[in-house]
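Across the two complexes that follow, chain A remains constant while its partner is chain B and subsequently chain C.
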Partner chain A sequence: MFESLEPYLAIFRIGIKDNLAYKTDFALTSVFRLAGSLVMLLVWTAIYLASHATSIGGFTLTAIYAYFFLINAVHYVIYSNIDEFIQDDVQSGSVASSLIKPIRYPLNLLFRTLSENALLIVVASLPLFAIVAAFYPLNLNAESIALLLAVVVIGNIVVMSLDFLIGSLSIYMTNIYGIMSVFWGVVSLLSGGIIPLSLFSQQTQSILFMLPFQLLAYTPASILLGTISYAQAIHALFFGAAWAAGLSVFAYFWWERSVKKVMSAGG
Partner chain B sequence: MTSNVRRSIEFFLVSQYYEWKSFLVYRAQAVLWFLNSSLSLVFTFVTISVIYTISSGIAGWSYYQLLLLASLTNIVMGLMWYIVNVGQLTSDMRWGRTDPLMSKPYGTFTLFLSWYGWPASIAESISSLVLLVYAASNLGVPTLQLALYVPLVVLGSFALISFLMMLSVLSYHLFKGGSFMWQFLNLMQTMGQYPLSIYGIGVQLVFSLVVPLGLASYYPSNVLLGRSSAEYYLAFIAVALAVSYVSYKLFYRLMRYYTSGGG
Partner chain C sequence: MQEYAIEVKNVRKKFKAYEARRSGSFVHRLFRDKYYKRALRGVNFAVKRGEIVALLGRNGSGKSTLIKIMSGILYPDSGTVSVLGMNPWEERTKLAMQLGVVLGAHGQLYWNLPAMDTFALMQHIYHVPAKEFKERLNYLLGPLDLKDVYMRQVRTLSLGEQMKCNFVASVLHLPKLVILDEPTIGVDLPSKQALRNTILEMQRDYGTTFLITTHIVEDLTMADRIIVLDHGRKIYDGSRRRLEMLFGDKKVIELEFGRTVDLKKYLRFGSATKIEGNYVRLEVKQSVLKHPAFARLLANSAVADYSVLEPGLGDVLMKLYNKGGEKNVRKP
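Our next item is the complex of A and B:
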């Protein structure tokens, strides 16, 4: 079992080295990503000051600060870059050589994206969690941690299945940057990455909570903040698990069909 | 001098023609990119609408005024991407892809401006223009203010683009890469959608003199909203020209030490 994982662990190690090849560039990218949270903090501070309110939509100002830090922290824990990897492999032609290697291509992609996840968790997520924990009393007990882990696992299955499906389209279309950008742009709004979902109208919320995207930002952040009940979190998990199962089965059959159409576009 | 400028403009326009032709080769992709570029309009509208539904918003800024500022920022950023995709420029320098281009008999600044644009971004500017007209019509902006505003945006945008061109070459010299530029520009766009005054005086100065995003959106929007005087207008022109000149000169100074990254 462990012996068979060896090539994938090598891919994981190479992925980390690759990402750290341009260290300053990587560090600056991480800093600017994190600075996005700070901008939203200043915007919301201005809104709270102008409104003279202690709470808006169930969020105190401190809770809003914590929310925007947490969704950034969670973003790198529930993260995938599989679509871009597939597109790069198709465009460079390396998808053909990857397919004849004695390793499974989907697992190759999984370990490549996990190497990015690991790095981003260390340089971005953990510092953000530490910052939030220093100024906000996070809801950290056995139940919430168990729920959070379940959300992280199911959220990753959802995001990786979707990424895999979108990435597979590059076999047919070669260039899928447009699709990727539109899709993930919309997801950032639907997941609560721009505005907490609880600030939308009740009707909009009822639709958004039936989609799997809430697991990518709003639900994990709200579990940690304690702003949703366990019953709500379990409800979200139930929907998320159903979506994850459906999407991963669909991604499997879609890949089985798409792989037959692979053509090498380069060398 | 005049003939040089004319030659550069002609080269820029011809390059635009070919850039559009090559962009439209993959039509389905082109449609998706247009759609993607228009999304910022949706995000801006939803975010600001939610903010003003659940609160009284930002002090001193009404709903339509903030919509106007945010749409101005999106217009400027769309234009910026249309003219020059700075992250791509740095990446191409790293791999030596700019070398054949630089052998052409035009200034490097003109060559990069002509070849490193992103046509789909114009959709962001156009869709944001719709939002701008909607906000301006609700605010009842007089025609005179609109006429005063347009030259400022052009000047401010030129200052911003010159600065970003200089930054991309600097980034190549310092880090041999520029992936951070995309995140940096995203951050700038988010910041520019809200009044600079909420970030404090330090950030306001940085975004006016060092990174001239304020020159391209926030300060011109004050003119459009009738919050300016003649001194303000003239000071703006002086600062925008100074930033453009310094960035342009620095760009060429840095290019003097350019060595190809590969080939």
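Our next item is the complex of A and C:
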């Protein structure tokens, strides 16, 4: 078991080194990523000032700040770049070099993205989390942390399955930047990454809570803020787990089919 | 143990490809036409264990397709392939442990890191014990003149140094079969020779089998056998000596003219393999050199300089490509 993981741990280590090869660039890119939260904060500040409301949908302005900082912190734990890796490998032709190695290409991609995520957690997620924890009373106890971990794991499975599904399209279409931008933009909206889901109408919410995207932003942030009950979080987890199971099986078969396409059309 | 490292039988492969439209309206030309390209049209050959075989062919002759099929990353439409006794595309991962492949343009080195980091990655991917890893690095880095560069960032290395590092990364696990797709491309002369020597040493010390595609005629000196592909078909399979003999009693004459002349007079005695400005490379029968009329032409004041050469492998290959196969070359 551990011996078979040896190549992948090596891929993880070299991934860390590769990301840190240009440290200033990495540091500045990380700071720029944090700026993403600031844009949302400015937009929501403008909304609150224009509406003269102290609370919108149960969120005070401070709670909204905490919400967007938290979903950004969670983003680097849950999201991955596997779809971009696949597209780059297909475009550069290095998918062929990867397939002639005695390792599984999907695991190779997984550990490449884990190395990137590990660094982003250290330089982005943890500082963001610390900033929020310093200024806002977070719901941190054994139950909430256990729920958060479960949400993160299932959210990861959902994102990676979607990554493989979207990334595989590059095998058929070569350039999928447009598709990735549109798809992940829509996912961001449906996950509560732009507007908290509780601000949508009741009918829209009932649909959104049956989709897996809520696990990628709204649910984890709300667990930490204590704005949803444990029963609601478990309900979200239940739907998310069912989606994760279905999507991962579909992604597996879709991926196998796509690799055969590489092998019949040329790497 | 099987006698053959590679057995390829009647392999065919065609691809869907696209071609830009050359005529019609602007909108019409925004779209491409689909066509099918027959990359391999029934190729047969075998490579014995421990043999060094050079695979030659013009661009688009099917060499890279064949390499991908043998590496297990491409299915043929029909035919059978056995590599080290395995079906490459059904036992790809198992075969990969005993296979080293350098796909010329597609490097496996991490661009931002020293080559040593990629070597260390290969050590873990192929489970090479630390002691053997160190020994093999010494075995390869010294002769390839890489000891001063392997700790430097790959992006700062010359193309030749990158190619050599790519080679090292592909053979650190001492594979039984090494497939090299244009390994000496962009490599300087001393490095080319060092690569060739290392390949010969690995064949001698470890009995490694090599299949090498190349466009560089000098690379053929290390090959035990040469296979030539053209338009997806094998047009030659034999020794270098036999290939050279294809020229028979022919000689090559290089002519440099000082002024414009009527070339027809010269082409009466042989066929031109190259005409470039005032330079003509002429292929003639040996007996032509003693012909008084030809001697007079050489003595003509228009001829600034000339030299009589033995035909090189490049000349033979050009003839082979132009005639479409060994049988046609042998025809009187």
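The definition used in the following text is that the second predicted complex is superposed on the first by the 249 of 267 C-alpha atoms of A that agree within 3 Å, B and C clash if a C-alpha of one lies under 4 Å from a C-alpha of the other, contacts with A are read in each partner's own complex, and residues count from 1 in each chain.
Keep in mind that, in the parts below, contacts are C-beta pairs under 8 Å (C-beta built on N, C-alpha and C of every residue); 3 or more make two chains touch, one makes a residue touch a chain.
Because the structure is a prediction, the values reported are computed rather than measured.
By the document's definition of touching, neither partner reaches A:I16: not chain B, not chain C.
In the superposed model, A:V39 lies in contact with chain B only, and not with chain C. Touch criterion not met for A:L107: it reaches neither chain B nor chain C. After overlaying the two complexes on the shared chain, residue contacts for A:A53 are found with chain B alone; chain C is out of touch.
For chain A, the partner touching the most residues, choosing from chain B and chain C, is B. Contacts of A:E6 after superposition on the shared chain: chain C is touched, whereas chain B is not.
Using the contact criterion defined above for the overlaid structures, shared-chain residue A:V153 touches neither chain B nor chain C, since it reaches no partner. In the superposition on the C-alpha atoms of chain A, the part of chain A touched by chain B in one complex and by chain C in the other spans residues 22. Residue ranges of chain A in contact with chain B, taken from their complex: 22, 24-26, 28-29, 31-33, 35-36, 39-40, 42-43, 45-51, 53, 56-57, 173, 175, 177-179, 181-182, 185-186, 189, 194-195, 199-200.
Interface residues of chain B, counted against chain A in their complex, comprise 26, 28-33, 35-36, 39, 42-43, 46-47, 50-51, 54-59, 120, 174-180, 183-184, 186-187, 190-191, 194-195, 198-200. Residue ranges on chain A touching chain C, taken from their complex, read 3, 6-7, 9-11, 14, 17-18, 21-22, 92-94, 96-97, 99-104, 260, 262-267. Residues of chain C touching chain A in their complex: 15-16, 65, 68, 71-75, 89, 92-94, 96-97, 99, 101, 103, 105-108, 110, 112-113, 117-118, 120-121, 123-127, 153.
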